[in-house]
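Which chain is which? They are A, B, C and D, in the order written, and residues in each are numbered from 1.
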Amino acid sequence: MAEIRTIGVANGGGDAPGLNAVIRGVVKSAIRRHGWRVIGICNGFDSLIWPEGCLPLTWDAVSGILPRGGTILGTTNRGNPFAYRHMENGKEQVTDYSGLCLENARRLGLDAIVVIGGDGTLSIAQDFYRRGLPVVGVPKTIDNDLSATETTFGFDTALHVATDAIDRLHTTAESHHRVMFVEVMGREAGWIALQSGIAGGADVVLLPEIPFRFEAICAAVRAREEQGRRFSLVVVAEGVQLPEKDPAGQPIPPAGPGEVSNRIAGVLRGMLQKEIRVTVLGHVQRGGSPSPFDRILATRFGVAATQLVARGEFGRMVCLRAGKIDSVPLEDAVAKPKLVDPRGELVEVARSVGMMFGDES
Amino acid sequence: MAEIRTIGVANGGGDAPGLNAVIRGVVKSAIRRHGWRVIGICNGFDSLIWPEGCLPLTWDAVSGILPRGGTILGTTNRGNPFAYRHMENGKEQVTDYSGLCLENARRLGLDAIVVIGGDGTLSIAQDFYRRGLPVVGVPKTIDNDLSATETTFGFDTALHVATDAIDRLHTTAESHHRVMFVEVMGREAGWIALQSGIAGGADVVLLPEIPFRFEAICAAVRAREEQGRRFSLVVVAEGVQLPEKDPAGQPIPPAGPGEVSNRIAGVLRGMLQKEIRVTVLGHVQRGGSPSPFDRILATRFGVAATQLVARGEFGRMVCLRAGKIDSVPLEDAVAKPKLVDPRGELVEVARSVGMMFGDES
Amino acid sequence: MAEIRTIGVANGGGDAPGLNAVIRGVVKSAIRRHGWRVIGICNGFDSLIWPEGCLPLTWDAVSGILPRGGTILGTTNRGNPFAYRHMENGKEQVTDYSGLCLENARRLGLDAIVVIGGDGTLSIAQDFYRRGLPVVGVPKTIDNDLSATETTFGFDTALHVATDAIDRLHTTAESHHRVMFVEVMGREAGWIALQSGIAGGADVVLLPEIPFRFEAICAAVRAREEQGRRFSLVVVAEGVQLPEKDPAGQPIPPAGPGEVSNRIAGVLRGMLQKEIRVTVLGHVQRGGSPSPFDRILATRFGVAATQLVARGEFGRMVCLRAGKIDSVPLEDAVAKPKLVDPRGELVEVARSVGMMFGDES
Amino acid sequence: MAEIRTIGVANGGGDAPGLNAVIRGVVKSAIRRHGWRVIGICNGFDSLIWPEGCLPLTWDAVSGILPRGGTILGTTNRGNPFAYRHMENGKEQVTDYSGLCLENARRLGLDAIVVIGGDGTLSIAQDFYRRGLPVVGVPKTIDNDLSATETTFGFDTALHVATDAIDRLHTTAESHHRVMFVEVMGREAGWIALQSGIAGGADVVLLPEIPFRFEAICAAVRAREEQGRRFSLVVVAEGVQLPEKDPAGQPIPPAGPGEVSNRIAGVLRGMLQKEIRVTVLGHVQRGGSPSPFDRILATRFGVAATQLVARGEFGRMVCLRAGKIDSVPLEDAVAKPKLVDPRGELVEVARSVGMMFGDES
């Protein structure tokens, strides 16, 4: 194994609270434990294509970033170097910059790269690894839907934002005898909706994993009213499956994040003859200072990634298992997502305290 | 002046953080200072129509409600007793219950009523006052748009929620080099947008009081990019005036709260060729535990309202002037709203630190 | 196994955020899943001695308590029914009320009791179990020092309060070039100090598990100054071991929680000739609304305790293992505490990012 | 009036949330409105003595500091240039560096200086002004005890921290039937204690302005117990006047901030035979991100200070009056402090909702 002198660190995809804590963990442990230099690769892998964008990451450069949201490296949801899309003369071009990236990594003297990202970014990392670049991964998914790790940073902070919003809406819903909807993140997996629903004491939670019927929601709201509870709080995961038709047989146009809860509320407004208000939390769930849990986990991930590099365990990703730091092959990161089990303990707990999922008969 | 033995307290309209603190202030000072009984009139004026809905407000009943959002009385945006809308045999009926209310107030032994509300609710209070009911008012408007009082409770809490959202979006906008929109409350007056914009360091703020041009927003975003700031944060008051046509001359369909920021973002996305994300904060701004400022002001208003009753100064509303509690005739409450002055100090301060309003040439 | 119709729920010891969420979880799942009645035993086991203090726990009684700190049952650090201390005619008496408790449990029709508590309270629970009372336990320790469970509710909330304080002190320390001390909870185990220290980016952390030397702290502060960092933030666990003498050989008087950090600061003030300010967080760490994580874990524990009762698995305590709910014999709860491992991963991570523990040579 | 090209900005004394917002307000408005250069004078007036410590304050240098606590300039409670204390050969020397400062100000090309500070720092500013330096002042006092301005930045944030602590302690006090003390800032003026007490619903508040008797506090706690309220929450301003003797005639040793509440609790513990717990909030009240109100007021102050400079109105300090920005002569800043009026409206409001001040007979 070649001696390590300089490593790079990169991140890609949507930001998540804790990214800066990972970067700080990588940099400080690389310097203090191993005496390495660290170079920041900015905006996904862009600085491997245009290396003048690289950021020298000294001890000072990462001091004070621990409590900050976002990422000092910048990030992007685009920019796959193996198929880079860009406009040229008004036409979209797709270029393979991967060879240039490998060459630049060599020129920059990068003996290894720590890549922080979700399945998209880690797929690219794995492709680079196959092409000979020594890579280790750090998982990042605010939806907490990776099966290779018990949990990831960012999710706990998102849960705080969503739960705080539910707490606030609760007082208004109760005072106004209203049905209140709040749409939270979760395209494929409903973890934020389920857990913020439990934490906030929501009455109905609609998940991608549990198909719902409008009649069941109406029944839940009406059952509450019969018990004197004239308000209901409904949490909707943005990736919930919209039925094709409403109970009257009318087709419901498809709707994506930001619209799906309004679509559902629209149908129910007619059925319940009740005021329904909708809040779409959106990107506030991704931002802001990470929670203590996220800062700690992110720091552990960063330090652990440096250790993987030091031990030459490339092509692997750090993960959390039974509260302990471990690692798995990178390809496990992009395996099938970890979904909410409709028959699992958490859903059963939710039902036990009175939560409905719209699948009740 | 007849001796006071029992007073009622009512609230109507949208809820605002601090309502419970006002109610507690009224009840505790009525009991401790004057030895009165207090009866809670629930859901607007509904309990004056159906008096079995009244709530006896003892010292114990209001203990512990100070930090809670919402209102223990319940509230409603409907239910004007002078023109009560309800369904009968499938048809909407409008009934004048005001006589019944006056009769029930007498039967309940109410020697005076404290009414907490915005211009709608206080208009009704004034109508009751003209019909002989001894009434005092407490102003409530989360938009802070009453000219009769320097400020009202609830606004500071709303400002916290909006500013916290802007802070969170800032980190994401910066990391992703995006334009981020956040839509906040403010139908006629843009106080929440302007002040949360200043507090959050927003780049562009769109207000009902300042007509904007799409070109000016584009210029602002582009000027920032030229200075190396590849992100912009835009705060939109829900009551902003949408231009009738976009710069290409295409008509823009009208849009109300919850949609207006999406409409603006839609036009700009085409003009800027840039990713724009929209968050609509909605009712989370009204809910949750009131800020210290709002708890203190609400408590002062509640105690002051009781004093107005004790002094027999009916037909008046408490208010804040130069940091001191004062009172004004109820009709002043429903006078013209307090709007943002486009040439006022606060807008000038905002421009001085670099904020744009979309009216720049 | 006898049919269950009525269960009791009790809690004892210091309060922890999430207690109400456990109680709600027990009550709602008992009613919804099993149709049982639930009786609340107030102030430790006091209501088993004086049963008129019992609280009927209906669905309504536990509605809305999920986000509230404290416990609706009240609690106490005293009141062991097997050796109840009370004053009689100016003298302290110790009485064994355990027989009376068992008799009252029978009279109240309690078929089982769920006891939420730390090692003290669960020891009593086990004594009752040995005397024939069907008991299940729920672990509660804000210090997170039970080896029988991966984590307990309340700890995450305490971590938030401590980390928020460190964040706030950081800005002042940095602006004033000061050494700032903050004393946090943790009598035997330093988990809160260690984890809030990592989350807050503290410079020095003093734990009960790692004996420190004054010289090492001075060296750490001075090394930082040489790097241009003219401030240091020191987190002290209240149970830290105070050296018997200062470096000058003068004896240091022993000091307990609330004083120990002042004692250490006093010695260092002389050695460093630098301003040192001390904050003792105290009971604010125990109070307030539980974090989402704590609410969810507490709810899961409450539901799981009800399931233990339903399956007749008495004498056991619910716990969390590898993120999953499990159970262990009650005696495991009172086994040796889970301490910070001075050579464990978390301490190593902390050292890797530059934290000192005062044991450096 | 000479043309302005370059201004300096300095701050001194204890830090307060909002300092950075003032600095940003000064810098951005100086650049945008007037095209001036701005130089930051660090650590009080130190950089006027050693000008190599100056910080060029460009637009970029102040971008992103709005939400941050502390001050980018650093600050100090010492360092009066007219009588600078320092150690030389083991002896304390006092040197008058004021002439050097004036000379350096000239060398640096400073046409005016904006000084942000409390009465100590502004006295120095005034002395410089008398010596011919064009100075304008911005008031800073976290205790809100300046009579020349309605309110200052930092106070609202301190109120948030104190109220949040009271909210947290409330749940524990209530669950444990305890008396809880919390000591807050306020050496001469009890504004934080009074206002956080009202906002948090404290039972007893002890202020510097209202001498208390131990017997009255005991009576208050006992009266509550007779009403079934077995807990009490006591807020103590750090500057409260300690009686010379306890009710038994024993002398009470004097105690300053951090100790005074423990001293009072010690006496009451004996009198009440009840558990009393004490929390000393300390410097967490000064730190952290400023509240929206403080960010806005600080920004307004910064912009207004620049305007004073532009209009040549030196020797004056900006202030807030009836919600509007105004200015007063600098000497007014160091006039007698604004104290709580024991017969004023706020104290009366507090008494009306049941708060005691220990002066009740």
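Just so it is clear, a residue touches a chain if its C-beta (ideal position, glycine included) is under 8 Å from a C-beta of that chain, and two chains touch if they have at least 3 such contacts.
Computed from a prediction, not measured in an experiment: that's the story for all the values here.
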For chain A versus chain D, what separation do you get between their C-alpha means, in angstrom?
41
Cα centroid separation, chain B vs chain D, in Å, comes to 31
Per-residue multi-chain contacts in chain B, two or more chains
167
Between the chains shown, work out who touches whom and classify the graph as line, ring, star, complete or other.
ring
Kindly provide every pair of chains that touch.
A-B, A-C, B-D, C-D
In the complex, chain C touches chain D at residues 14-15, 19, 43, 68-71, 74-77, 161, 164-165, 167-172, 174-177, 180, 258, 277-284, 286-288
Can you check the complex and tell me which residues of chain C touch chain A?
24-25, 28-29, 32-33, 59, 63-64, 66-67, 150-151, 156, 159-160, 162-163, 167, 195-196, 198-201, 229, 289, 291-293, 295-296, 299-300, 303-304, 306, 321-325, 345-346, 348-349, 351-354
